[in-house]
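Chain IDs A, B, C, D, E and F follow the sequence of writing; residue 1 opens each chain.
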Amino acid sequence: MLLYLTRRERFNAAHKLWVEEWGEEQNKAVFGKCSNKNWHGHNYDLFVTVKGQPDPMTGFVMDVKKLSGLIKREVTDKLDHSNLNMDVDFIPRGLQPTTENLAYLIWKQLEPHIEGCRLHCIKLYETENIFAEYYGE
Amino acid sequence: MLLYLTRRERFNAAHKLWVEEWGEEQNKAVFGKCSNKNWHGHNYDLFVTVKGQPDPMTGFVMDVKKLSGLIKREVTDKLDHSNLNMDVDFIPRGLQPTTENLAYLIWKQLEPHIEGCRLHCIKLYETENIFAEYYGE
Amino acid sequence: MLLYLTRRERFNAAHKLWVEEWGEEQNKAVFGKCSNKNWHGHNYDLFVTVKGQPDPMTGFVMDVKKLSGLIKREVTDKLDHSNLNMDVDFIPRGLQPTTENLAYLIWKQLEPHIEGCRLHCIKLYETENIFAEYYGE
Amino acid sequence: MLLYLTRRERFNAAHKLWVEEWGEEQNKAVFGKCSNKNWHGHNYDLFVTVKGQPDPMTGFVMDVKKLSGLIKREVTDKLDHSNLNMDVDFIPRGLQPTTENLAYLIWKQLEPHIEGCRLHCIKLYETENIFAEYYGE
Amino acid sequence: MLLYLTRRERFNAAHKLWVEEWGEEQNKAVFGKCSNKNWHGHNYDLFVTVKGQPDPMTGFVMDVKKLSGLIKREVTDKLDHSNLNMDVDFIPRGLQPTTENLAYLIWKQLEPHIEGCRLHCIKLYETENIFAEYYGE
Amino acid sequence: MLLYLTRRERFNAAHKLWVEEWGEEQNKAVFGKCSNKNWHGHNYDLFVTVKGQPDPMTGFVMDVKKLSGLIKREVTDKLDHSNLNMDVDFIPRGLQPTTENLAYLIWKQLEPHIEGCRLHCIKLYETENIFAEYYGE
């Protein structure tokens, strides 16, 4: 009997897509407006899903307040009002902060801290029209 | 050729999280504000997904009006404007009405009535930030 | 040059609509399911709008973090996970906690604390389909 | 390391549900208001999900601008402001344009054009309360 | 002490924008894709706002169930799953069923039936990006 | 007979709140995380409302495609994927790009170009929880 529990958190951040080895022209050709050298930004919506069996006493797969606190401590406090290319310890310099890469890195950052159940999915919205998901493999 | 069809229904209900065997202090320590003895409540969003092959004549996996009627009769008419700890015949007394447990119980309540296709998922939002899913196993 | 600034906060609460002087039958006739004696509840969305001139240095009509803190301290910390008929000091016993009355009472509760600009509107959603507004007169 | 990337596009269209072999009475009995001979219509929300490995240089599973352009060229430019029973080359005459059938046909229309990664899911909302999904099998 | 109460209802309809006196070319030049002769359609979101003083016993500006019933009887039952150019008794033939004109006509249709308070605003969404409002003058 | 017509457009941008005359400490004290020297960003939702009488032939207060094109040309093409402190010709250097100031500047930028009806309101969302409005006076 496997239940899935999801918690949404939010963060606002600046980024740009830019390959150092390429010139401005090639960056613009590949990334378009996302390569603006002075940055742009987004309101990100992050959905974290864990799975497990509800505790018979509490009815919780995981205490959602603890899950929220964990996401804040390990992920959104580091990402909120940050520059994703420069400010975040768990985003390697030079890696493009695309929605796909961010979803993957957030999984890596969060997964070791989930106890008593398992991380199932990281779903990250960059805009209302674009989101990425990672399921750990 | 398997298609998935989802219908949303809504209900508003009161509940509290409270373990009878525990005192007020322990309930507060575990459940926080959710243990307020005078109840609190939510607007729940329920998404019911069935799966099957579309009928060649109607193009329906299931008639969505029938699915809606079924969800209302078996689930939301019983839950809407109710107290989830006290009023609902398919929620055992003493079981915590968490989002996880509710998703599981709604599956049990609805599954025997799905005909001509199969129930795939119960997804229940408690707030815009918290939801649970159950896939029947 | 008048700018309007709005901050959303949220709370979840239980209530019922019930006139003590009436019997169960009349209450049911008037209030329908909203008169369930065991309560029901909602996720409320509260939009608070203030108006004024932006400060030339900060560009703020009001510091939105201060506005948020004020709404929490004076209003939503008192309403969240509460029973609106029983638990809240600024809701008179016996007054129906309808969306309309709540919007009015939240204005009365908040208005004396707004400094440096003026309260313009309280807008309160009870569900995605129902909301009330009060403009102070 | 498999990432899922989703792009939303939208279109507005007219349709009716109507089986030619049936009379008006039977169509009304089966399809209700959806059989109105003068048509009705919807704002459709289309979510297209692809899956693959992010490119090490760009961080893209697929360039989301290219995905958006592809969906527009092959799908939504043909569907937007159309009559789904009469106007669209990839919807066979006589097939009911239900949400389920549309999701299936959009998959068939789009799948041959996805390069460098794989189509994973077509999810189509007909209203905020009804959506269908197809995963290619 | 004036409170504003709003109720949302929804309807799905087909329409086209087309001036009979003009040829196909001019209609296309003015209305673009909206002039498709085979129709297109929308999910409309209708917000009806009334204003008045809350009743001291019930706390209602107007019983929201009665307001909902009234909107359905006078407006949305006539508009839902209809063709706005052909099927609706309160939309004059030949008048363009634009969002603006529909908001105006819905006001005219509903206003005589509001009792015990006053109609304040008709707000009509055609898509998530376009809406019209009418305040009665 | 005055109708109000609203069009939503969107843009994504980076900014920071920072007073040059102040040191880092004072900027942090006043603006908190919004003063991060490496920027942060948002998805902005812009609602532009015009008012006027619908044209008797077209039913338009203003052609919404023209309104959309005008907003893009004069406002969102300049703001999208930009740095609001550095990149935009109609935002004075040194003025704080708060939601309030942006709403005011967008009015100034757009108002001279509205023909055949009048600009009524600029409403700008910075997040789902914060928005500002300006009505021209």
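By definition in this document, a contact is a pair of C-beta atoms (placed from the backbone, for glycine too) under 8 Å apart; a residue touches a chain by one contact, two chains touch by 3 or more.
Predicted, not measured: the structure shown is a model, and the values here were computed from it.
S.K.: Which chains contact both subunit E and subunit F?
M.R.: Per touch definition, common to subunit E and subunit F: C.
S.K.: With centres defined as the mean of C-alpha atoms, identify the chain lying farthest from subunit C.
M.R.: D
S.K.: Same residues or different residues: which describes how subunit A and subunit B meet, taking over half shared numbers as same?
M.R.: different
S.K.: If we define chain centres by averaging CA atoms, which chain lands farthest from subunit F? Would you check?
M.R.: B
S.K.: Using the stated contact rule, I'd like to know whether A-F or B-D comes out ahead in C-beta pair count.
M.R.: Of A-F and B-D, more C-beta pairs in contact link A-F.
S.K.: Between subunit C and subunit F, what is the separation of their C-alpha centroids in Å?
M.R.: Spacing between the chain centres: roughly 28 Å.
S.K.: Hey, how far is the Cα centre of subunit C from the one of subunit D, in Å?
M.R.: It comes to 41 Å between the two C-alpha centres.
S.K.: If a residue has to touch 2 or more other chains to count, which residues of subunit A qualify?
M.R.: Counting only residues that touch two or more other chains, subunit A contributes 128.
S.K.: According to the definition of touch, which chains form touching pairs?
M.R.: A-B, A-D, A-F, B-C, B-D, C-E, C-F, D-E, E-F
S.K.: Going by the contact rule set out above, which residues of subunit C touch subunit E in the complex?
M.R.: That would be residues 17, 19, 30-32, 95-101, 103-104, 128-135, 137 of subunit C.
S.K.: Where on subunit C is subunit F touching in the complex?
M.R.: Within the complex, subunit C touches subunit F at residues 1-9, 49, 54, 57-61, 63-65.
S.K.: Touching subunit D in the complex: which residues of subunit E?
M.R.: 10, 12-15, 33-34, 36, 38-43, 80-83, 86-87, 127-128
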